[in-house]
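The following pair of complexes shares a single chain, chain A, combined with chain B in the former and chain C in the latter.
Entry: the complex of A and B
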């Protein structure tokens, strides 16, 4: 039987989900579309639903003693965008997600849990080594966002677990972000690109690249990144980097775009980013 | 289950499934049909209502998420001075043609003016980016919000 649970506390929610395999509903901006039937009819759920948006104890953004920033699971994009504690790069990405209305309702945790290849906030989370904390009656576990999203709508969440927070780790990096869609607002991403670097005395000390919407999950490759660390920025071989990333970017053709275009745009954005590093103007 | 909220200033209680869309509660249970359904999937903004003064797409809002909150639809907003200023500006600038997007546009316009009484054209365009209009080409609507801003919405 499909049941609808509205817990009054996290503890109650954990007890419910321990016994029932549930969809977890927060802002509803993905689930309410996916389960929509028709005007005047209830959404059609094939499993029970646990509504967590009323859990005030999960609505927070705070600094932790180790310098990280925790974002509770029911914190909405609009509040993350406004917070002084959240690094600017996340805000830049959030401002290009959907529309103001949707950002008033949706949560970043929901964006991760929905595990869409076009989930925009997943890109900076992966690039910056952020992790989620999953809670159950048995305790907590931390999983890097990079490992949490397994594929299209697939995550590492176990049936008895709830994502309770996202943890952002501060980084000393310069960023280059571009989202490509059909229009400015409310476009589902065709390709997104986020590059980051840190140069000290003309040496590339940190180098990171992530692509969104070009594979079943965000593309990031540590092996390639390490190859270009600790070399002189002026000696960076742009064509070589592009050659390394080219086979890793494997987009598909769908109603939004085609694979050739997506691949081309992804490589062009990578080139632009690499030219910025090589230009060295951001010392 | 019973869900309590304030609708246009009136304490309201509905006994429905928590997944019911706020839009269906407003239109079918509360019989307020000023809020429109366009796409039904959060793209068009025709169903925009204010929840605690923030614009929400009521077509994607499960009613449980409104528990103990305050909802304002175009019918409630019509009773305010701010409505008069914004509606007059829309009329003067030709910001409404077929009218289907207008309730949502007016509420989204109010939300931006309340936060920022003198927004730039760019800020208005961002604030209204979740509300689609197939008639005006948007310029007339942006002009209307600029005019309302000039006149002041007199909160």
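Entry: the complex of A and C
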């Protein structure tokens, strides 16, 4: 039987989900669309639903003693976008997600849990080594976002777990972000690019690259990144970097774009980013 | 006397629309109404061998071709579209029946359990089988063989979905032994006639009433006739109120769209590079049934030389039968497709001949008294040159054109000129439509007039009323003008073809004028005013010869863009437009058409991609079929130059479709300059622009 649970506390929610295989709904901006049947009819849920949006104890953004920032699972994009505690790069990404009315409802946790290849907020989370905390009656576990998203609509969440928070780790990086959608607002991403670097005394100390919407999950490769760390920025071989990333970017053709475009634009954006790193040398 | 030019009044339906009080079809509560859910064919082309219907619970019905009362024909001009697919199905999604019942969820589930057995035939998706062919010549195409140079190109345009705010919907019930219909519609009498035809009943047995309608753009010109014929068949069987309201996805997937097109043009030049003549073929994809495609094709062909006069012209055109959702009316009705091709062509031809495009345009630009492509005459004063000069001045066109031609600027500016023939083709207004407008006055001097014109947002409820108020010179609250009810109004024709103001407005002004002349205080008076067209309009539909339209409206669009060389995305920086619509009755309403028409045209030009694969549209939702948002659109500046038309109300001509005609070519010409490549198809998506930049044109 399909049941609808509205827990009063996280503890109650954990007890419910321990016994019931549930969809977990927070903002509902993905689930309600996915389960839509027809105007005037209830959505068609094939499993029970646990409604967590009312859990105040999960609606927060706070600094932790180790310098990280934790974001409770039911915190909506609109609040993250406004928070002084959240690094600017996340806000930049959020401002281009959907529309203001969607961002008033949707949560970043939901964006991760929905595990769409076009989930925009997953890109900076992966690039910045953020992790999620999953809770169950048996305790908590931390999973880097990079490992949490397994594929299209597939995550590492176990049936009895709830994502309770996202933890952002502070970074000292310069960012380069571009979302390419089908139009300038309210668009689903065709390809997105986020690059980051830190240069000290002309040496590239940190170098990171992430691509969104060009594979079943966000593309980030530590091996390639490490190759270009601790070299002189002026000696960065742009063509070589592009050659390294080119085979890792494996987009598809669908109703929104084609693989040739997605690949080409991904490489163009990477080139632009690399030119910025090199160009920064002359400043 | 003309009302003060460019004055604007508050739209009469502003408050009910802005406050959300307006009642649309889907808002109408009728608690005993049953839901009708279409059962659709699952193959593109084949014989229907058998329809297996599951056991239906009490109160649920399956309605199909077997239930047809008189004729299994939907009355859409060509009469080839059946109400329900019977022996064969010709496109995926064609209605083979309806499940009707009280619980929508159960009805939907039952509809999925109906299984038809088919013998499949090989479907045709390409434009190769013509079902309507037309051709006509002007001058002597035999002279083409004297040409020393020939330049040929072809252009393609894609599907476009109307995306009216309110999807299709209809509610039908029985009252006083009549079938009463409320629906989202454009043409109350089209719906009425469709029901009368399929049932074979008397016209007085069908009553159509217009509720608030949220947009149409041509999409509600013919499709509601099909829904009405289906529901009428059901209501005769079931005798209970029935409603059928489409969700957005269903609307996008199964209702009619703009015809995709392919236009081939050749220009023949003599040794001095004068154009001897042009040869044009326009092909449009009509889908599974002709419906109104022959008229769309006719309009596309008549408009194909656009704003240019060539002495010798050979025009041919075909509407092609494909196993796809039928294409039908959409703002412009075929002419934007051929105008797009001609505007691009004339610019490309200028490059071929090494002359400036503006120079070539001006050389062949239409002037008053010129012979049209169908050997009619452009009789009324043409002020196209003034429109161009004004638009160029507003946009600083010449300086920008020069500046952006520097390589690597990634900016561009493009200009289009265009026309729109207002009203029905040829003498159709007097021979087919025969509009009659009823106006009456009560003892207290309160005047009521009736039309079958639907206000679906464009503002004619305000404008038509204003024409009568201004003509009579009485206070606004002394004139009553309600939404059409076919029991009250005579037919003043469909709300289509940019005919509402030029034809019905003119008729309303005339009726009001006659009432004014015979006005007697304290008496009830009534007049039925018939439409009488200009006597000089002579048209032969078979040979496509003569004066194609009662009048023409004119316009110029200039679009400025920048292109991102990294992502190939286009930003529309600014748009400028100038129009000759005769005389603007209400400038603000006209600006609404100008901004909206151009926005819709720009969407068609670069964003709105609707691709059919194996008979199914790949884009089914508003997140995949994207139309421009406010953020995508720039500042639009519009100037209107007064040029009163003798036969329109207060000199007004049509404006609704005109504003769609020039956006796509102006946009594409601007992008061409920015990327230094030639464009031959729309939508010009970033994917296509990348291909052009990478591979050349």
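Following the convention adopted for this analysis, the second predicted complex is superposed on the first by the 280 of 283 C-alpha atoms of A that agree within 3 Å, B and C clash if a C-alpha of one lies under 4 Å from a C-alpha of the other, contacts with A are read in each partner's own complex, and residues count from 1 in each chain.
We adopt the following convention: a residue touches a chain if its C-beta (ideal position, glycine included) is under 8 Å from a C-beta of that chain, and two chains touch if they have at least 3 such contacts.
The shown structure was predicted, so the numbers you read here are calculated from the model rather than taken from an experiment.
Asker: Just chain B (first), just chain C (second), both, or neither: which does A:54 touch?
Answerer: Once the two structures are laid over each other on A, A:54 reaches chain B alone.
Asker: Please work out whether A:272 is in contact with chain B alone, chain C alone, both, or neither, and reply first, second, both or neither.
Answerer: After superposition on chain A, A:272 lies in contact with chain C alone.
Asker: Tell me the contact category for A:78 with respect to chain B and chain C: first, second, both or neither.
Answerer: Only chain B is touched by A:78; chain C is not.
Asker: Which of the two partners, first being chain B and second being chain C, lies in contact with A:188: first, second, both, or neither?
Answerer: In the superposition, A:188 contacts chain C only.
Asker: Under the stated touch criterion, which partner chain does A:4 make contact with: chain B (first), chain C (second), both, or neither?
Answerer: A:4 sits against chain B, while chain C stays out of touch.
Asker: For A:100, decide between first (touching chain B), second (touching chain C), both and neither.
Answerer: Touch status of A:100: first partner only.
Asker: Taking the superposition as given, does A:25 touch the first partner, chain B, the second, chain C, both, or neither?
Answerer: The answer is first: A:25 touches chain B but not chain C.
Asker: Considering only the touch criterion stated at the top, classify A:215 as touching first (chain B), second (chain C), both, or neither.
Answerer: In the superposed model, A:215 contacts neither chain B nor chain C.
Asker: Kindly classify A:178 by the partners it touches after superposition: chain B alone (first), chain C alone (second), both, or neither?
Answerer: A:178 contacts chain C only, not chain B.
Asker: Would you tell me the residues on chain A in contact with chain B in one complex that are also in contact with chain C in the other?
Answerer: 39-40, 42, 184-186
Asker: So in the complex, which bits of chain C are touching chain A?
Answerer: 26, 104-105, 108, 245, 247, 566-569, 571, 607, 611, 618-619, 623-624, 626, 628-632, 686-687, 690-691, 694
Asker: Under the definition above, what is the set of chain A residues touching chain B in their complex?
Answerer: Within the complex, chain A touches chain B at residues 4, 6, 25, 27-29, 32-33, 35-36, 39-40, 42-43, 45, 49, 51, 53-54, 78, 98-102, 104-105, 184-186.
Asker: Can you list the residues on chain A that touch chain C in the complex?
Answerer: Those in contact with chain C are residues 37-42, 178, 180, 182-188, 255-258, 260-261, 264-265, 268-269, 272.
Asker: Which stretch or stretches of chain B touch chain A in the complex?
Answerer: Going through chain B, the ones touching chain A are 1, 17-21, 24, 28, 37, 40-43, 45, 48, 51, 54-57, 59-62, 64-65, 67, 108, 111, 126-127, 129-131.
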